[in-house]
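Okay, so chain A shows up in both of these, paired with chain B first and chain C after.
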Partner chain A sequence: MWKFFNQVLVTVVYLFLLAPIIAVVLISFNGSAKLSIDLGSPSLQWYASMLMNEGFIEGAKVSFITASIVALVVLCFGVPVALAIARYDFRGRSFVSGLFLSPLLVPTVVLGLGLLLVFQPIALTGTYAGIIIAHFGITVPYVIRTTLMSLTTSDVSCEEAAKVHGANSWETFRRVTLPIISPGLIAGAVMAFIISFDEAVISLFVAGAGRTTLPVEMFRYLQYRSDPGVAALSVILIAISVVIVIVVERAVGLRKVMNS
Partner chain B sequence: MTLTQMGSRKRTTGFRSRRRWELFGLLFPGLLGIFVGFVLPVFVMFRMSLNTHGTGGQLVESVSLGAYRDALTDPFYWEVIGNTLVLGLGCGAAATVLSYPLALFLVRTTSKWKGVLIALAIAPLLTSAVARTYGWIAILGDQGVINDSLMRIGVLDAPIQLSNNLLGTTIALVEILMPYAILAMISGFGRISPSLEEAAGSLGASKLKTFVRITLPLSLPGVFTGFLLVFVLAISSFVTPRLLGGGRVFILATEVYNEATQTLNWPLASALSVILLVVFGLMIAVYQRLIAKFEG
Partner chain C sequence: MSIHTAHLSIRNLQKTYPKTTAPAVDDVCLDVAEGELVALLGPSGCGKTTTLRMVAGLLDPSAGEIVVNGKDVVSTPVHKRRMGMVFQSYALFPHMNIAENVSFGLQMRRLSRAEAAKKADEALDMVQLGHLRDRRPAELSGGQQQRVALARALVIEPTLLLLDEPLSNLDAKLREAMRHEIRSIQQRLGTTTLFVTHDQDEALDMADRIAILNNGRIEQYAPPSEVYDRPATRFVANFVGKANFLDVENVEKLGNDTYRVKTNEFGVLEVRGVDGLDPTRASLVVRPHRLTTTRVDESVKSSRPASIGEVIATSYTGNVQSYEVRLNESAVLRVDQLTDTLRDLRMGDRVQLTFDPAEAYLVSDE
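Showing the complex of A and B:
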């Protein structure tokens, strides 16, 4: 009895959690423009109209380019910091690690406003550079976290052995450390890509009238209209996320990344 | 001092200074990035909150608390602060209550599908908030799934108001933020030893009594963490209140955006941001005291 009640409860909570995703998937096949489930005559018209919407195509392009560059930049800037925190003993080390995690403690509206105030006078709003700088703060903590996790769980003795045998710091990193921590790097880069790709609020502030990312395009579209078109687009995005997640799960284990 | 000692000391200082340069090289790019992308914007935002908004709409460089005075003497902004707290507390409470049984189930289950079940519970995190908000608009809207089906079977004559208000926003945000609470609770519950419950059971306590006296108190730190996370994320959320609120839900985050991009009153937008940060900080302080009390 107790157990049955518990199972019903868990099922209901799962349904609630997945309700919007289920609704979005069903509505994307709507036969009419009604914003409710209407599968009398299912069609793919909304997918077709989305794939021909120039705003969304342009937005997707901008999002893809910025998210890729953000992932790369954050790796190049974040991994050395993680290396310094894990392998070097220096004054202010806890300050540095705190500093790099702190962007996650500030509401994105606040950070977005600050970035707008900095970017507006120097005409960086609505540019690739602006969006990439704006996404740095919210993505770098993930790369540092996953890299630190790989670094602290790996054995330092391999690196010491390489040094004893005459390898310099770069060779040690390139030949020993890098292969060991590469799962953490991949996981961090994927997280950074997904977060940058999905980020709407900060991008909304720094978008100005110029270049915008896909979530911003969707947001602006939804402010004035809501038809099943966005559902079709959402399904495409969800499918991409699922594929990425499965690939990462296979490669390194998603739960390890999320729980770190 | 012998020659060899001198030589070795020379080598260590050389080694040390090289390591110092390496350290500098490792940290510099990252520090530069975090400075430009985070420290500077937050600092500029603070500074901007001390400027004043001229009568003609121009920005006046000054050091005054005028923007704060404008915000805190206007009853509208007190309502906004009130709405923000109601949204945060409502989402926090509802998400905690709904996540609790699920998290407990996920920690305890021995099903071979455990991994899939956990992934399913936190997978929504990886779909864009815009897409999920859209899903809720489709469910809760006036012509949405709920109203549409209830009117079709004749339960309702007119749609019930589930969107464009605080209720709809709360429902959607609870779902959107629940995965965070579930994750926090899973990691908190993992530390509870099942043998304590077994001991209570074998000493004759009923299932309910075991839960109330053993499981619940031990799970409170995880519950607090989950609540805090959802509260903090709810009061800083923007996309969902804006889209599902249809411009009729006024919270600090939406007003910051309005003042920054529509009214162009940057000092006021900055002052509202600082107020939001203060609410944030107060909540985190309360949380730390609670956790210290329960774990200490």
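Showing the complex of A and C:
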């Protein structure tokens, strides 16, 4: 009896959480130009029009390039920081870890406005550099967190064994630490990529008139039109995210890293 | 593998961790001869692991010297000390197979791939795991991982072999088998070895000499039989083997290591003891198996010191039968004897306890 009740409850909660996505999926197959669920004449026309929309293709390109660079830069920065926090005792360690690990308490709108005010005078709005710097700030905690998680759950004596048996610091990192924590690194990089790719609010401020990312492009499209095109695009993005997560899960066990 | 031996001399070694006042290792001096296996024995927090880690180079000492073959290595970085170490958790590299694990140290020493592989195979054969060379550590049992860790430490022909509680994660049967395997390999190779353990049986069984640590200091450094039969302090007597302590008074020094003492339970005795102890702070150690029991009704006059008491507890462990005998309010002695149905005692039996004073030992209370 309890089990049954439990299952019903879980089902209801999931339905509630997934309802918007289900609605988006249904709308995307709409045959008419209205932004509503109407499956009278299902069609793939909106998918076709989206894949041919030049603004979206350009935005997707910008988003993809940005997200890739952000993931890479954040890794190169986050891993040494995580290593320092996890393995070394230095003055201001708790400050550093607090600084990088505190969730973003500042509302993104405020952050976006702040970045705009700083970027405007130095001509960083609407540039790759501007978007990448902005995204760097919001994704770096994730990479540091997943890397720290891997570092603190791995056995320090493996690194010590490497050193005792003749490996210097770099060889120890390269041959022992890095392979052991790589699932955490990959998980962090994937999260950074997805967050950067999906980020809309901050990008809206700093994208400006030049380069725009896909979410910004979608937002602008929605301002003037209300057809199911954006729904179709959303389904494509959801599918891409799901595929990435599944591939990474299969390859390195993302679940293991996220749960530990 | 060729024989590599080294002489280790630890001089006035000290370690105080940051934000603590009491040193974790306090003025430790230790000489380890070539080819010797020395056990660092003590309860957790006694400083034994800290000492080992300083020898390995994983920790910097606050003061003191670590001299290997006449050279102070304190300033030598860990990866250049050429030591082999087996960790409590084995610390095998999970992403490498067994052969790669074992040849790691050789590759770090820039041996050619072929030569490294050959030596790694020899080392794996030595621990009888040649057939598992392509497996991952996670696919091996605890005992097998342990042996891989040993092979990895020995393959580099280390100046010193350091063992940090290597057997504590194994089950009892395997632990005993591994003791003998480690000891026989160590003796065959003649590798000077420092072995950290909290298990007195391990130390007694394997070591040439035992250093017993307590609160960062060495309480006694001697061969196993001496540690057991002639403990330097009450702590040592209590930590190594089981011990009964009798309160003594009127301690009178007769010779270098002989004393006359008075005990409440057994009268005046002439016993051996630690040279130069403080007569006001001493106890008499009598090992449980040195005591013999006779039922009061069948007791015969003995020339040995004797005392009468009541059996208040019994315990049976197969070959050994233990009793607790209460002699008076303050003295309850433990007696171990080989199981013998003829002398089986029960709770409440009144018995006479005797022992040979030559087998008792007077120790310092500190």
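Keep in mind that, in the parts below, the second predicted complex is superposed on the first by the 235 of 260 C-alpha atoms of A that agree within 3 Å, B and C clash if a C-alpha of one lies under 4 Å from a C-alpha of the other, contacts with A are read in each partner's own complex, and residues count from 1 in each chain.
The rule is simple: a residue touches a chain if its C-beta (ideal position, glycine included) is under 8 Å from a C-beta of that chain, and two chains touch if they have at least 3 such contacts.
Model, not experiment: these values are computed from the prediction.
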* Asked: Looking at chain A, does chain C or chain B touch more of its residues?
  -> B
* Of the partners chain B and chain C, which touch A:I194 in the superposed model: first, second, both, neither? -> first
* Should A:V70 be classified as contacting the first partner (chain B), the second (chain C), both, or neither? -> neither
* Name the contact category of A:V164: first (chain B only), second (chain C only), both, or neither. => second
* Counting only touches as set out at the top, which of chain B and chain C does A:L222 meet: first, second, both, neither? -> first
* To do: Go through the superposed model and pick first if A:A232 touches only chain B, second if only chain C, both, or neither.
  => neither
* State whether A:P179 touches chain B only (first), chain C only (second), both chains, or neither. => second
* Please indicate which partner A:D155 is in contact with in the superposed arrangement: first for chain B, second for chain C, both, or neither. => second
* Asked: chain B touches which residues of chain A in the complex?
  -> 2, 6, 9-10, 13-14, 16-21, 23-24, 27, 34-37, 73, 76-78, 80-81, 83-84, 88, 90, 96, 99-100, 102-103, 105-111, 113-118, 133-137, 140, 169, 194, 197-198, 200-201, 204-205, 215, 218-219, 222-223, 226, 230-231, 233-234, 237-238, 241-242, 244-245, 249, 254-255, 258-259
* To do: Using the touch rule from the top, collect the residues of chain C that touch chain A in their complex.
  => 18, 56-58, 77-85, 87-89, 91-95, 104-105, 108-109, 149, 152-153, 156, 162
* chain A contact footprint on chain B (complex, rising order) -> 19, 22-23, 25-27, 29-34, 36-45, 48, 98-99, 101-102, 105, 115, 118-139, 141, 143-145, 148-149, 172, 175, 178-179, 183, 187, 207, 235-236, 238-239, 242-243, 252-253, 256-257, 260-261, 266, 269-270, 273, 276-277, 280
* **Touch list for chain A against partner chain C, complex** => 89, 155, 157-158, 160-168, 171, 175-176, 179-180
